[in-house]
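First the structure, which I've put down as structure tokens, then a few questions once you've had a look.
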Amino acid sequence: MALDKNGIAQRIAQELKHGYYVNLGIGIPTLVVNYIPKNIDVEFQSENGVLGMGPFPFEGDEDADIINAGKQTITTLKGASFFDSSTSFAMIRGKHVDLTILGAMEVSETGDIANWKIPGKMVKGMGGAMDLVASAENIIVAMMHTNRAGMSKLLKSCSLPLTGVGCVKKIVTELAFLEIGPTGFILLETAPGVTVEQVIQATQGNISVANDVCEMSF
Amino acid sequence: MALDKNGIAQRIAQELKHGYYVNLGIGIPTLVVNYIPKNIDVEFQSENGVLGMGPFPFEGDEDADIINAGKQTITTLKGASFFDSSTSFAMIRGKHVDLTILGAMEVSETGDIANWKIPGKMVKGMGGAMDLVASAENIIVAMMHTNRAGMSKLLKSCSLPLTGVGCVKKIVTELAFLEIGPTGFILLETAPGVTVEQVIQATQGNISVANDVCEMSF
Amino acid sequence: MINKTVPNVTQALKGVKNNMTLLLGGFGLCGIPEKAIAELVRLEVMNLTCISNNAGIDDFGLGLLLQQKQIRKMIASYVGENAEFERQMLSGELEVELIPQGTLAERSRAAQAGFPGFYTPAGYGTEVAEGKEVREFNGKMHVLEKAFEADFGFIKAWKGDEAGNLIFKGTARNFNPNMCGAAKITVVEVEELVSAGSLDPNQIHVPGIFIQRIFKGTGYEKRIEQRTVRSKT
Amino acid sequence: MINKTVPNVTQALKGVKNNMTLLLGGFGLCGIPEKAIAELVRLEVMNLTCISNNAGIDDFGLGLLLQQKQIRKMIASYVGENAEFERQMLSGELEVELIPQGTLAERSRAAQAGFPGFYTPAGYGTEVAEGKEVREFNGKMHVLEKAFEADFGFIKAWKGDEAGNLIFKGTARNFNPNMCGAAKITVVEVEELVSAGSLDPNQIHVPGIFIQRIFKGTGYEKRIEQRTVRSKT
């Protein structure tokens, strides 16, 4: 049985390590905060200028001057700080942010990612994504394995305009946990009840199966 | 009669205009603060990270954490601010500082300046001078017209390693107030009691005399 | 102290003309120069090039200028919140240049700090790098990006003093400090305007030297784009 | 909150070895990492490359390392206060690279912010530009300068919290913020170490993400180089 969005977030959360500064993209990545492993400290950075983001404010406590990159009202935790955009991207570009989790429309077997534009149809812009993917050493993509028509989004090469080249390291979809290796996607874990065969079927790009492939455990 | 250091500073001070942010080098330029014209507001920037410098502190009020670029203890005035070195040079390089007043060992007729090194003998370093002269639109040099041996320091071309190329606009020495024109030094004003001939004699570089040359008035 | 105060928004925007390039602070609707935008609408200046991270929403922020078709070209990083924007862009009425957010911040700071250009890895291998110089440093490819050139910069700060010293609040800071001093004339609106000497010199976010005009705005709407809350139980 | 505190200077300098490149904050003797320098002397690490605006005076600051001949190469902008420095330089014992002060600040910040290079007008046409690429932008010549690469950065702040957030005082700020995060490991010493949550998030000069270790120093000497005063009459 394929994972839902929360399941994807939960699997990604297992990749968090103590001491990580993490930048979460809009969408599924936002849900990762709900599954932080016990006994580790991580801090969340938002590129609009806050480190140490906390949960949403209690009703009535919203402050228009305190938002995240998704323009949602938020709170801050002890040890938080506010800063300007140039400093925020110094954190990102300077590799001080340890992990970037973001969504994608397409990922290629060489780690290219496309997530900001569908020519002639939708152009939201790249926001901070191009800076994030160009700089982060550690990028996990949270995405659906196929589109609504059942076509794979894990491709030989991206058909949409790129956000970054050869940058994605790991991918979590509703079907699987994969990494990018020298020869393409490597299937590391299947979602509960999903078979290796199903993942291979749903992947257009070159895919190999890790020797120790297993089912995700939560 | 040639000017003393205070006289040079006093003549330079006449060039200050209302609303100017001014960076003062070490030595004679520091004395300019004593001669600010009445009825104008200027602010002094020091490249080590302070805007709105005030006078020296009263005895006993010195604070090791509040100094100017000459490492002297100072105070700040109302509206002052402290900032980091990168921001300080953003002010300088970004042309937000309106006037730079600094000393020189040599100036050439094309506006080159040398003030940081005598090969094999003295190497203090350029400090912020190279950034200042490369960026400032308005540079006044405070210097002695000749060295102790009587040799001119206003030259055809500098003999010492340069601090900047073609950047000096105006020069005040103990003998004269000059500017740099397309064909070399232009004598604008003589110090009280100094003749045009004396200035020309003391100048090795090409020098012309302004039509309206006059004596400095204080 | 050099006094930078002007009495009102009209004085603050004196000299703004058609065809100018403007830098505007803000992230979404957070920390935008509400009063300057309202005055730009009133002035009916046309054919503007606006540089700002976002383009507002349909009926607030830069969306108000889009409604009046005052913007000829928009340089931004994310424009996903504005249907009128999308319509004008897809129809070709509006010229749009989308650039990475960090590049937008740094091209502003480069203009402020007198750097003509810098190398960033962001956008290498994408549309963004097309027509730009690329270059390898330490085995990694980078794109040469250049400082913005703008006529006016419109900044929103929380507190400011007569000398133009600024303090921002929360994430309303964003691009505002980086854009101060990045245009020929920097105009700041503040919620609270205090006398020089009232602010701790150690806690100034932007020194007054970077700005030319400061005025106190009143009646800030500060609209929230995504009101997200949790319940108290 | 990610805790960055270490108990003492010995723990803070763990891993410092011979032949390393160090970034050190401070302007003159103002805002220098006194405790880290003392520990470097005690550790007797040799053959260091030190990047700092100045080289201390004969018996304080980096002068203490020069006395022990621990520095092989010095990168600075102004070294005029130190006779032993001048002796070692003129005799050739010490390699010296003098660079413009603004370039020193920005090469630090470039390392912090992930920019490999940038163009500055400072030093064009001088010895400083020799062997470096130069280039025209807008009719003016510029020099390509590159980010520093350093093993350790030693920073002195006034206050810091457990999360590594920093506040500086007066002109003791100088290069310190620009050097945070510019080396592989950034070590900060503070006069006052407070718990996370004690500092206003709006008034942090350097967020803790840029630093790896923070400790409280005691007994700061804070020597004054030029004690200038006026009389009260």
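Should a chain be cited, it is by its letter among A, B, C and D, assigned in written order, with residues numbered from 1 in that chain.
Basically, a residue touches a chain if its C-beta (ideal position, glycine included) is under 8 Å from a C-beta of that chain, and two chains touch if they have at least 3 such contacts.
Owing to the predicted nature of the structure, the values given are computational and were not obtained by experimental measurement.
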Any chain in contact with chain A as well as chain D: C
Chain labels contacting chain B and also chain C: D
Distance from the mean Cα position of chain B to that of chain A, given in whole angstrom: 55
Rounded Å distance, chain B centre to chain D centre (Cα mean): 28
Centre-of-Cα separation between chain D and chain C, whole angstrom: 32
Chain B residues counted as touching two or more neighbouring chains: 50, 82-83, 86, 89, 92-93, 135
Contacts with two or more other chains, residues of chain C listed in rising order: 106, 109, 113-115, 120-121, 168-170, 202
Listing of all chain pairs that touch each other, if any do: A-C, A-D, B-C, B-D, C-D
Of all residues in chain D, those that touch chain B in their complex: 27-31, 53, 76-81, 86, 89-90, 96, 98-106, 108-109, 120-128, 158, 168-178, 205, 222-232
Touching residues on chain A, where the partner in the complex is chain C: 46-50, 55-74, 82-86, 88-89, 92-93, 112, 116-117, 120, 123-131, 134-135, 161-166
Chain D - residues contacting chain C, complex: 106, 110, 113-121, 137-138, 140, 142, 146, 167-170, 202-203
For the chain A and chain D complex, residues of the former touching the latter: 19, 21, 41-43, 45, 50-52, 76-83, 86-87, 89-97, 135
Residue ranges of chain C in contact with chain B within the complex: 1-3, 109, 111-115, 161-163, 165, 181, 195-197, 201-202, 204, 207-210
